[in-house]
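What follows are several structures.
In the two assemblies presented below, chain A is common to both, partnered first by chain B and then by chain C.
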Partner chain A sequence: MIRFDNLSFGYSHKKMLYNNLTLSVENGSIYGLLGKNGAGKSTLLKNIAGTLFPIKGTVYVDGIEPRDRKPSFLRTIYYLAEDVYVPALTIKQYQALFAPFYPLFSQDDFYKNLRELEVGIDSKLNKLSFGQQKKFVIAFALACNTKILLMDEPTNGLDIPSKAQFRKLIASAMNDERIIFISTHQIRDLENMIDKVMIVDNGNLLLYSSITEIGEKLCFKTVKQIPEGANILYTEKMLRGTSVIMENINGEDTAINLEHLFNGVTENPAIAQKIFPIN
Partner chain B sequence: MDFRDNQPIYLQIAEYVCDQLLLKKWLPANKILSIRDLAVMMEVNPNTVQRAYDFLQQQEIIINKRGVGYFADENAIDKVIKLRKEQFIKNELPLLFRNMYLLNLSTSEITQRYEDFIDQNFKES
Partner chain C sequence: MNDTFDPRRFYLLFKKVTLERPIQIIGVMGLILCFTVILYSLVLYSIDYGSAQNLSFIWGLAGGGTVLSAFVFNYFNTNAAGAAYLTLPASVFEKWLCAVLIAGIFFLLIFLGFYRLMDYCFVTAYHNGLNHDSPLYKNQYDHVYIYPFLQNQVVKKVFIIWANLSGVMLVGSLYFNKVAIVKVALAACVLAGIIYFLNLAVASLFFKNIDIAFPYYTVLIKVRSEVGVINLPHIGSFIVDAFINVIIPATLWITALIKLKEKEI
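What follows is the complex of A and B.
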């Protein structure tokens, strides 16, 4: 479990990004961290990984503070940065150098992942194309079998078949003990992988809810006329009518559209807050 | 698999399982795909497949044998048909009735067309 306890963070004391953020993250879910560029997605992940420290408040990962960077903590977490950096090593050399830090690293998983993502294993890493490098680090990150896996924009730079392979790998890597965090602004790529949604904007957590709860509280549909008196979170004119997200008062079970939800929540945070009170 | 945008994903997964049973690709009283394998195949979160399986268990279409896995019920096909019938009556029939009313189509005309349709598509010549 990850717990943020009154976390405040800013890159300078004058301009704070997060103010008094308190929330808990349970095991056994894939968290989708959604936000525009500069919204504070990577910042949040780096506070969990212990590469950035809160100015006030505390982050606890299973009771341990990441900022202490204890080896016993670091071996349980993998942070996959958005920008890929790979040294001039072969895949085997890279594994020999970095895998020993992760006691649950599985060579079988590693080669299986590389095979499924179609990354050749004989090449020097820095000679690979950007997309191949990205797939290599994904294959490695998943093979480390850490309890916590943080991935910053993992589908950036992947071609369409690789995105599908990526989803399959995530589905097979998931279990009740793990926490997988995926930050993205390309919601479509991962729509069906996420079961808990976090939407951040300007360092504010605007929404934190499970897909099940979203389905219970909101209904997503296309209507000819917007019903009067309904609590509307989002509308968008479409060819066939108007796409709306409104409060689900009749217990309807509709398909969630995360892109519309994201737009609705960032445009009307006050309405979202009313339907989904945080804390 | 391509998902439609008019129904929650978990219900579409449940529908897929029902289709496999009706098509006899998955057999009654036999083991069915594990949650993980189906999640990988469909590229969805395993918790979503879990939700679909919970739903199918409530309908007694599948059974969870602890430690062994999920199995199709012995009478799975009858139960799928019963469930589909309920869904058809609840979701599709009102639309059909509404259009019949708007277009002033009589039930006798519909009966005739229904019988022709069955003759053309499902009767062996």
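What follows is the complex of A and C.
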């Protein structure tokens, strides 16, 4: 479990990004961390990984403070940064040097992931294209089988078939003990993959809810005319009418549109907070 | 599980650090050794053995060692490389120890071993090339000798400079994420300039006829046509020696451990 206890973080003391954030993140879910560029998604992940330290408050990962960066903690977490770092090694050499640090690393999983993502295994990593390098680090991160997997914009640079493969791999890698965090501003990449949604903007957590709860509380549909008296979170003119997100008072079962949800929550945070109160 | 030091984990880390970036660590070390041979040869060709030995030792150990120190923590050029290094499951102490072993112990041993071998070859070639029947043979033979590492004031001072500058570079490469070597070198030059002028100002307060006031070792005054050296009193000299030779380098190398623990990216 990951727990944020009054977390305050800012790159300067004068301008805080997060102020007294308190929340718990349970095991066994894939979390989609959504936000615009510079909203604070990477910052949150880095605070969990222990590469940034809170100014006030504490982050606990299974009762351990990440900032200590103890090996017993680091072997249970894998942080995949947005940009890619690969040394001038072959895949086999990389595996020989890096995999022994992760006790649950599975070679079978690794090569299976590489095959699924169609990464050639013969050439040196630094000679691969950016997309191939990205797929390689995703394959390695998943094969480490760490309890917590933090992925910062993992789908950036992936082609469309690879994005689909990525979703399949994430789904197959999930189990009840694992927490997978995927931060992105490419919201569509996460559709049908995540269990819980977190939306951040300017360091504020605007929404933290499960997909099931969102489906129960909100209704996504396209209408000719906006119903009167409905509690509307978002509207967008479309060719066939107006796409709306409104409070689901009749218990309708509609397909969630994450992109519209994101726009609705960031444009109308007050309404979102009313429907999905945090803490 | 020991979170501070584990021999197997340390072995894996050391292997990873050296083999992950062989060009940066092994390559830089190789370049330093090549540079030392070239400098030795050039100075030998243009001046003589004594100068060649001194200059190549000074620039090889102090200069080369400082450059190598700038590379051992060279992970923070990019967010991904820095994060991968910081989140690699090894302790901060192990990561620091790896850097100290590479920049401190192994470089020193390799450099000294290489230097001795190189110097031996040059000196032996010179001795073998002498005319054994010449009346000047003994003088010529004794004129060139293998560079002594012990009881040699130049070597002692070079060691001190290397220990201080390498410490500065280790700490500096953890402060600056990008082009650390350039930024630290500039910062060190500015600091040296400030110390020099501060020292000159303080010395000028006490003596009106200051000739040179290079910090600590070379404060000279002019008395008519003569130049005299101002030495510190014995106890003062001991304290300053202790600071420069031991306390400052030790503090710098330990500060690198603390800075690595506190490093954020």
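Definition applied: the second predicted complex is superposed on the first by the 279 of 279 C-alpha atoms of A that agree within 3 Å, B and C clash if a C-alpha of one lies under 4 Å from a C-alpha of the other, contacts with A are read in each partner's own complex, and residues count from 1 in each chain.
Following the convention adopted for this analysis, a contact is a pair of C-beta atoms (placed from the backbone, for glycine too) under 8 Å apart; a residue touches a chain by one contact, two chains touch by 3 or more.
Since we're looking at a predicted model, the values are computed, not measured.
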Combined model on chain A: chain C and chain B, fit or clash: fit
Which of chain B and chain C A:Phe53 touches, first, second, both or neither: second
Which partner reaches more residues of chain A (counting touched residues only), chain B or chain C: C
First (chain B), second (chain C), both or neither touched by A:Tyr85: second
Contacts of A:Ile249 with chain B and chain C, given as first, second, both or neither: neither
Touching partner for A:Arg75 - first (chain B), second (chain C), both, neither: second
Distance in angstrom between the closest Cα atoms of chain C and chain B, superposition on A: 27
Chain C - residues contacting chain A, complex: 1, 3, 6, 9, 12, 15-16, 19-21, 23, 78-84, 86-92, 261-262, 264-265
Complex contacts: residues of chain A adjacent to chain B: 28-30, 164, 167-168, 171-172, 174-175, 192-195, 211-212, 215, 253-257
Of all residues in chain B, those that touch chain A in their complex: 3-9, 11, 36, 39-48, 51
Chain A - residues contacting chain C, complex: 46, 49-53, 69-72, 74-75, 77-79, 81-85, 87-89, 93, 97-98, 100-102
